[in-house]
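Below are two complexes that have subunit A in common, paired first with subunit B and then with subunit C.
Up next, the complex of A and B:
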């Protein structure tokens, strides 16, 4: 009944994080071995539990088992959705880790990076595994604190300013979340998610005013973390001034785990999906999608352009989730719901891969030319062919050109919107797709083609950076295979089923 | 600082230190515990540094040492939690040592050990933060 594999996703990164400063005293190179090794072990563990799901979905540390069916201890939950997110987190983290080793030569104070990276990873794994509200909150804070420090890692003026802005907004999000959790605790007298869900459905079914109030506070907190458009001000600065592997982690994983995953878990598994909330989420998603891409077209700093696209692409995911929740609340057919959630989750992992890759190629350009301004680039295709190919694959994927993975997931979301009767949202999705293509044509044109740069003293891209970029570029194509039912049954369906049978969550966890 | 302040700070520091030890070791039977005691423990060192003022190099050296204690204590907490997987009820963070008589100083199994390690961790962290700020001030004034 117990599944001790789950605890290792939190234990190993914490262990590595605090082992590295000690090993560093005796042996300088230890950190460059511990980092890829531990993240590779985590990736293998994640693959193992996704491909071969264990019988039990939960683990209770400390042996505090439920008393009279009332949970009293900490619950770690590794159901379909959590396992899917674990695979996403640990695969991107592994690729970023091997990229980071040579890339960090640009920085001083390298030893701090490794500890912070593992703290962030431990926090992310913890958020995904948390089965009660308070642990969710604590691990969100662990992730956020590590991210603040990592954003300021370069300790230049702009980076510290970005980190400060991120901390202020993050602090606000924390406040909203904590208030929402306090409200929930007041209403239900429990912090376990499955238990909260039972109490809300039985005892507070009529008390909609207080529940809606709580939901809005929680949503505001999560929306800041997910950088939906009225709450997005911190993201372009923070994601563009962090070191590139960290940008890839922030854009590829952190906003998804702290944003989308928490929304899915809270508003589908804990609260029953409601018409009102689905509308709020879908509208916020639609606004983020459109405004994000418009802001991106005007950006000339490469990483800033990519950061705005993160907002825009997350808008797609959130719109997909909003439509799915709307169809659930309206009593639509399970097939239609499954299609939207599959589309949203599929787009989420696709975005993690291609946006991660785009940030890594931006890092590679920065490493070689020490420049991120698109106006001062040009003709790089001749000098960095591999980076060019990788970034071309990622650009086509994000713009939604078949056969790259982005096409299929965007297509699924748009088809789901049409089936659900949301024609305007579908049209918006198409329009944003075209604008995305336009801005990535701009990126390709200014960075890799056109007139070559006048002075060229390029550094060679190190092998590990190349390996990481090639792997991700290959993934951009290979992940298209997830549209086939056989592949989908392993990776996507368990996660979608967790969302479809939201009452099942309660039965399995209590 | 004058000799009077330095002497009083020394005496006070010793008192705070003893009290912090009391709070940390009685974490499982009295209010307080690792965190509260750790803050007091850090306070006893901070009082000394404030009163005596130490040279830049000495501060830097101390900071290296507090960082070491910080990592070491967390590592020990994790390993103690991990040892729970192999003993007693076979769970992470399992409480497998003999529980003893409730209310006694030596009771509650593993909890006092966690308390002590958390005390060290909190004290080291707070002292590191204090030292970092002091070192920064010294660097700016140079």
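Up next, the complex of A and C:
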């Protein structure tokens, strides 16, 4: 019982990454055809396995099957949460890919972009599918390496500096992860996540000091990757220096996969949720949420402003997860837990769409006016109506105005916080929502309205960039439909169930 | 046990260097020290006092004498390859930074404010 579709999510992007330089030798335009084609095939595959979930949730490459029920090979796991993440990654990647083709005219050395983009995509898919700890580490490194190079793609002063910071912080984060993995291997003598979980639960070793020490190292590594507030210094630089489609990938997908997904997988499926960890995660989330939005209000560079909002919105997601874990550890009702996790996952995909769209509109403004300073903008509504509509939809979504998707997910998280008895966190969530709205009113006001800029030699926005932005703007509204149970049952519920029935994960994988 | 403690001290030394050094090259060296300390720990985890190399055709191995755990060794090999990529990439960036700014001092490389 195997599901060989899973291997294609890793194999296809790797193949494309290394085929493109070869094809380029013979035909110059090959890259612009392979890029959208392969990412579209991946998107279709992801949609297929989400809508029509296969019986088997795993694939074991090379036929290294378990011996006496002890897993020995590499396991790729495509359960509810992984399938959900695959759809998120590949849909945003496809939209960024078609946006990138015209946008790359701003850069030299375009041909390297395509290889790096696919390496990043392969790494992300690999992280989500990895069923053992060491594979997780390797794919995190693949993603990170491609991201470092993509951040420095413009090779200007600031971009190199941002990439260097990102590399030092990211390198430290993966080393912390490796240390945690080494400790886990020491204690459990296995690397398979399901197996680790079994060993920890059987030996009642889940709460010893050594486990807690390991958990803190793993959490520190993941928190750097997710840019939680004490560890956030690299994010505003890296995300604002990268080319815009890459910023959209970094903010929309990379911090979610390397940060939130790994937290969910490790601290809910592998370790049993504990009171202590839920507290740490919720507090980190709350601090990031508040401090991120305060830093954003003071920012005048458009992409830097958006990057600070990424920290803030990821804080929402992590606070939701922390509350959910707290309710699980406190023995709360399954409905309350389901509501928090649904809210957190829903907000995560919403954030991927609207923050991706905001970075793409920022890229469109940069493409046309060659300027990202809000103080020097103004009156763009007249010249770029489509960009204005798209960015308006995304701004309202991130600020949580109905009927856009952001409203429903924030609402779910806040309601869950009140139900769980965390009134202060709920109030904080509301306050941050208001500050977010203020910050995006500022963006709209300075960029699109107000006194028009004196110089009017604007470049026309290419069609593919427009198409990508319109699709995302439509998604911002359409994704509100996920609050209906019928739609939720297809997309969100399988992922939430993976988190609710964490022992079920073990039974299915072994 | 002493060896594990020494490994952890090595890790802390690297972290300390990472926090206090101002020179970019020294930061890279500190990162490498952290790396090496974790590799050493992984090897120690798999080590057994008096264990043999895990090669299957030795007669002693077939007669079930103690063998060191080969899995951490393969993990370290993979991690070393990754570390090679990390180091070459970060040093490339250091060279580029030096060309752009003319200095290795991070306090003078501050166009971006965190």
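What we mean here is this: the second predicted complex is superposed on the first by the 507 of 510 C-alpha atoms of A that agree within 3 Å, B and C clash if a C-alpha of one lies under 4 Å from a C-alpha of the other, contacts with A are read in each partner's own complex, and residues count from 1 in each chain.
Convention: a residue touches a chain if its C-beta (ideal position, glycine included) is under 8 Å from a C-beta of that chain, and two chains touch if they have at least 3 such contacts.
Nothing here was measured: the structure is a model prediction, and the numbers come from that model.
Contacts of A:11 after superposition on the shared chain: subunit B is touched, whereas subunit C is not. When the shared chain is aligned, subunit C comes close enough to touch A:155, but subunit B does not.
In the superposition on chain A, contact is made by A:236 with subunit C only, not with subunit B. Looking at the superposed arrangement, the partner reaching more residues of subunit A, out of subunit B and subunit C, is C. Once chain A of one complex is fitted onto chain A of the other, the partner contacts of A:179 are limited to subunit C, with no touch recorded for subunit B. Once chain A of one complex is fitted onto chain A of the other, the partner contacts of A:61 are limited to subunit B, with no touch recorded for subunit C.
According to the touch criterion, subunit A has no shared surface contacted by subunit B in one complex and subunit C in the other. Of all residues in subunit A, only 2, 4, 7, 11, 14-15, 18-19, 21-22, 25, 59-63 touch subunit B in the complex they form. Residues of subunit A touching subunit C in their complex: 134, 137-138, 141, 145, 148-149, 152, 155, 157-158, 160-165, 167-168, 171-172, 175, 178-179, 182, 185-186, 191, 233, 236-237, 241.
Chain contact summary for the complex, subunit C toward subunit A: residues 11, 18, 24, 27, 31, 34-35, 38, 41-42, 45, 71-72, 75, 78-79, 82, 85-86, 89-90, 93-94, 96-97, 100-101, 109, 111-112, 114. Of all residues in subunit B, only 67-68, 71-72, 74-75, 78-79, 81-82, 84-85, 89, 91-95 touch subunit A in the complex they form.
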